[in-house]
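We call the chains A, B and C, going by the order they appear; numbering starts again at 1 in every chain.
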């Protein structure tokens, strides 16, 4: 089965699973309400302590785009758990001539599209009601870094998906938990200068740090002050390296985990408890 | 064997599944104990970056207590609230509902079983958080803190049972609605900031969520003067309200479970998968 | 001595306290609204099953068997009509019935993959309030009887389908129900194990005056073990009697059995059933004839259609023949 066909079918499946539980109106309401409600926790924290405007703007953009990190990371790794434990179709997907790697990429793609709606709605909400000044001054830089960032996130999600093949289903999921690493170390909701020095050094090893910085520079015209010494080109180069690196790593690790799961005979185990 | 003994056995049996499952693969210790601490640390750093040093300790205390309580809330919501949904999808719901036990005993068993890992997570959050970020707690009355915590949990688990009843009738729809409500409930419960900041009227309405009152009360007992300045209501009133909510949610849960079960049986949805 | 007499009289009282009718169904109707249409799953079922009876319910897919069982198991309400198990109304007093019943369905996926076979059965025994020591004793006996002792400590996500079904059966029997509902229980189980299961169930039933309601596609099984059989189609009971009496319905008919080359599609003016044996490359055709003189017509028609007949003989009626006569199609269609 062609790669494109696999990708398209799984993207369609991802969309259906996210949307066909409700009528279109209710789904639209859910799609608007959920991201805005999600962002408000940190918004209210910042209002409570009366934080400066620029910090608020940095936090806002960081939180909005973090939705991609969380949804795609969690969404892709969750596919394994869901298809294995709930719908019990994982073994059939593995048996099919289609490439499961591209099946997962397709699911990541549909998650990305759905999240994009949420991101746009929330950005609009922020610009209209929360006084966040979106200037969008580097569209090409934004587009290229956005694509590379999403590739990197999806690849990381596939690494997590591979690991999920080997784990039982506990309540809190691997993708969700690891998204917490990025939440803390990528300066999503606070400036990186607050982290201890080892934390700041670690954050500079994470591609999502650069991705969020590129996004902030493109949309706000400024970024995290602790990254001021890093040029746009440097950021782009890092994203390219990490994007390709994670992609290659995801191919290797997913294959390894799949082989291990097959060897252990746990590809179709059900472990709900 | 009388009904009470039988239900106790059912609670034990369902809890056993959870505990045995948790202990047969220990990856949860890393993924659900240590990693969530990172998310909580992010909120700590928000305050470290922006808050007045004089009130910082009180705010960080609030975040740590909120983070620890979050573990229980997630257990209630996803560990117990959607139990029936997952049992139905796995094919166990028929068997549970055919057995001569009450529905609440299945849910309680699930909740108690999940308590093990949840409690470890909560304790790790408090101790590690306090240790790493050098937070000091101004504990006024340990006994009162325990009472507050217990009352909050009882009311919270009652609310969880109420959610669970929805899953009998509405499968995936309930799942998505619960997902949708998760964020507003974080917002309105004052996990990371005092709910009084929302304005007294909104906060008062929000106090129907047991977490709002519970967190507010616990912060009054442990967060020092700043926390008490931002308290929604006096402690005694909040404790009384928690007591009322405990009874109310359990009563509503039992009624709702009965109602939803009957409705689901009437419409033929009780054992229908992939709804 | 007094203890023995007491125990004996207690058993006698309990035995006699069992109602003579285990299951009674009165004009049971069940509709399902699917948004676009209304499906009538049960259309006025009337039935009485005696205590100690092994009652078979035969029907093709979608005939209403599982819907009926779900109502009797208190998992579904009827749209109208009444149903009683051990004299108790399934809608009005379901909690009184639950301790007396159990259900095992074919290809059941219940249980927890992370627990062992023994643990899964124990778990469900606890829901019925069976004291752990007694539960473990029963589990050991059942596992041995069904050949699962070696797998007792294996996590169920590692056992085969047949083993899982045997485990499900253990789960159903461990609670020692008065009424056991078996919804195609031998699906996925090998022939020898299926026989073992049937033999065990018969013995268990007879020794303890238990009642079984069995739904099955396996006609041979139904014929062999059921005391009475009902044929259900589109929510209605078309026939109800002992297997031998049902076969007598065709006593005035001749059954002509033919072996031919494999036929893919065949439409014929006479009612027939067809079973293909791909290994031997033959089709077995059974015709139900009121008049033996039509045999020559059948042979002539088959020849015109180019069908090569390899053998031909008259045979006795089977339960499957009755099913086809009444329902108009094979049970597996």
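Things worth noting here:
Operating definition for what follows: a residue touches a chain if its C-beta (ideal position, glycine included) is under 8 Å from a C-beta of that chain, and two chains touch if they have at least 3 such contacts.
Given the structure is predicted, the values throughout are model-derived calculations rather than measurements.
Ranked by how close its C-alpha mean sits to the mean of all protein C-alpha atoms, the top chain is B.
For chain B, the chain with the farthest CA centroid is C.
Spacing of chain B relative to chain C, judged by their CA centroids, is 45 angstrom.
Chain geometry summary: the mean Cα position of chain A and that of chain B are 26 Å apart.
Per-chain Cα centroids separate chain A from chain C by 51 Å. For chain C, residues that reach two or more other chains under the stated contact definition are 109, 112, 114-115.
Counting only residues that touch two or more partner chains, chain B has 17, 20-21, 24-25, 90.
Residue positions 168, 270-273 of chain A are each in touch with at least two other chains.
Within the complex, the chain C residues that touch chain B are 30, 32-33, 70, 73-77, 95, 98-99, 101-103, 108-112, 114-115, 119, 122-124, 126-129, 131, 171. Put simply, chain A touches chain B in their complex at residues 21-22, 30, 33-34, 37-38, 40-42, 44-49, 51-52, 55, 59, 86-87, 167-168, 170-174, 177-178, 180-181, 183-185, 188-191, 193-195, 270-273. On the chain C side of its complex with chain A, the touching residues are 109, 112-115, 157-158. Chain A contributes residues 88, 168, 265-266, 268-273 to its touches with chain C in the complex. Within the complex formed with chain A, the residues of chain B that make contact are 17-18, 20-22, 24-25, 27-28, 30-32, 35-39, 41-43, 45-52, 59, 74-75, 78-79, 86, 89-90, 114, 117, 172-173, 175-177, 179-180, 183-184, 186-187, 191-194, 197-198, 274.
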